[in-house]
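Below is a structure I'd like to ask you about.
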Amino acid sequence: MPYVNIKITREGVTTDQKAELISGATDLLVRVLNKNPATTFVTIDEVELEDWGVGGLPVEQYRRKAAS
Amino acid sequence: MPYVNIKITREGVTTDQKAELISGATDLLVRVLNKNPATTFVTIDEVELEDWGVGGLPVEQYRRKAAS
Amino acid sequence: MPYVNIKITREGVTTDQKAELISGATDLLVRVLNKNPATTFVTIDEVELEDWGVGGLPVEQYRRKAAS
Amino acid sequence: MPYVNIKITREGVTTDQKAELISGATDLLVRVLNKNPATTFVTIDEVELEDWGVGGLPVEQYRRKAAS
Amino acid sequence: MPYVNIKITREGVTTDQKAELISGATDLLVRVLNKNPATTFVTIDEVELEDWGVGGLPVEQYRRKAAS
Amino acid sequence: MPYVNIKITREGVTTDQKAELISGATDLLVRVLNKNPATTFVTIDEVELEDWGVGGLPVEQYRRKAAS
């Protein structure tokens, strides 16, 4: 009975892409550990860009700096 | 000083129901482990239906399939 | 299909007490939100005392200070 | 490669304050554990007041009671 | 820069299986959302059987009941 | 009443360093958001190296590859 949580930045991910993440993560647990899909939960958290930091900066500033 | 996180699907849960979850979870920790309510935190995350998967499918598809 | 995570300090909690936390948290979701127990997960994390802080101090130092 | 998650109540925290939390948490990991900022993630969750409980009550009720 | 957390019961998962979970989860984020693997973190939590509940029971009791 | 969770790899972090993380994270919330330290919780999770992945690889393999 695995529980998978996927955190991604909120940047226009579609409902179809979310369904792919859910099926892909479930398949992974079935394939590697032979888990039962019926007791495998996947939750997705979309995190606002200003709420995600890397390199000590909010994501957008980090990307601008990395690109410059 | 326990910390309880409750994740549920976002489906019209009321403020009163949330207050019941908070008091119920706190009472549980007090009753079973004699914890101090003043240092017991409870947070509730409401997760969009498209962000919760079970059986490899988003919740709504899973329910339709289970009901069919 | 709720998911409940309970974090407590590691201080001799017994297997029976854990079972009480699991049944109590599940009952709470059933009672307040009419959730299905079969798709309600509860996980318990026991956190070492040196890994939990409150008031800016590890728990044990905090308790000694509060008691003095 | 640390991962820091900060949960706070949603009460008008500004983008600048979030950037300070991100840089401050990252600096802390660099200073104490010599971690590489480029592989240090920080995420911030703003939790609605009705979704955060302490003392068995939602935060606002708890504050009113504590102030009375 | 996704962050994936996988919680599974502690039941003899091998280091190789963990490596498969890590590569599989990372590949999923690359394939579906075109994320950069270098900024994709995966963490695995192995949860003791007595710390995981479903159906209001610790996992082992739940399995025995389901099998009977 | 913030809650901060810090996940780091398990690599010989000392009790004193953990206390510094706890005081530093608490001070950060006090300084930036004027939070009350008495209701600020910090928890630290030490994650085994084989349970942390980046770049699609367990940390140790990732480091060897990056260093080569």
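The first chain written gets the first letter, and so on, giving A, B, C, D, E and F; residue counts start at 1 in each chain.
As a working rule, a residue touches a chain if its C-beta (ideal position, glycine included) is under 8 Å from a C-beta of that chain, and two chains touch if they have at least 3 such contacts.
The model shown is predicted, which means the values in this text are computed figures rather than measured ones.
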| item | value |
| --- | --- |
| B-C or B-F - the one linked by more C-beta pairs in contact | B-C |
| Furthest chain, CA centroid comparison against chain F | B |
| Farthest-lying chain, centroid of Cα atoms versus that of chain D | E |
| Same vs different contact residues, chain E with chain F, by half of numbers used | different |
| Distance from the mean Cα position of chain F to that of chain C, given in whole angstrom | 20 |
| For chain A paired with chain E, centre-to-centre distance based on mean C-alpha positions, whole Å | 14 |
| Between chain C and chain A, distance of the C-alpha-averaged centres to the nearest whole Å | 26 |
| Touching two or more other chains - residue numbers and ranges from chain D | 1, 3, 7, 21, 25, 41, 43, 52, 54 |
| Chain contact topology (line, ring, star, complete or other) | other |
| Chain pairs in mutual contact under the definition given at the outset | A-B, A-C, A-D, A-E, B-C, B-D, B-F, C-E, C-F, D-E, D-F, E-F |
| Chain A - residues contacting chain C, complex | 1, 3, 41, 43 |
| Chain F partner contacts - residues on chain D that touch it in the complex | 1-9, 13, 17, 20-21, 24-25, 28-29, 31-33, 35, 39, 52, 54, 59 |
| Residue ranges of chain B in contact with chain D within the complex | 15, 18-19, 21-23, 25-27, 37-38, 40-46 |
| Chain B to chain A touching residues, read off their complex | 7, 47, 50-58, 61 |
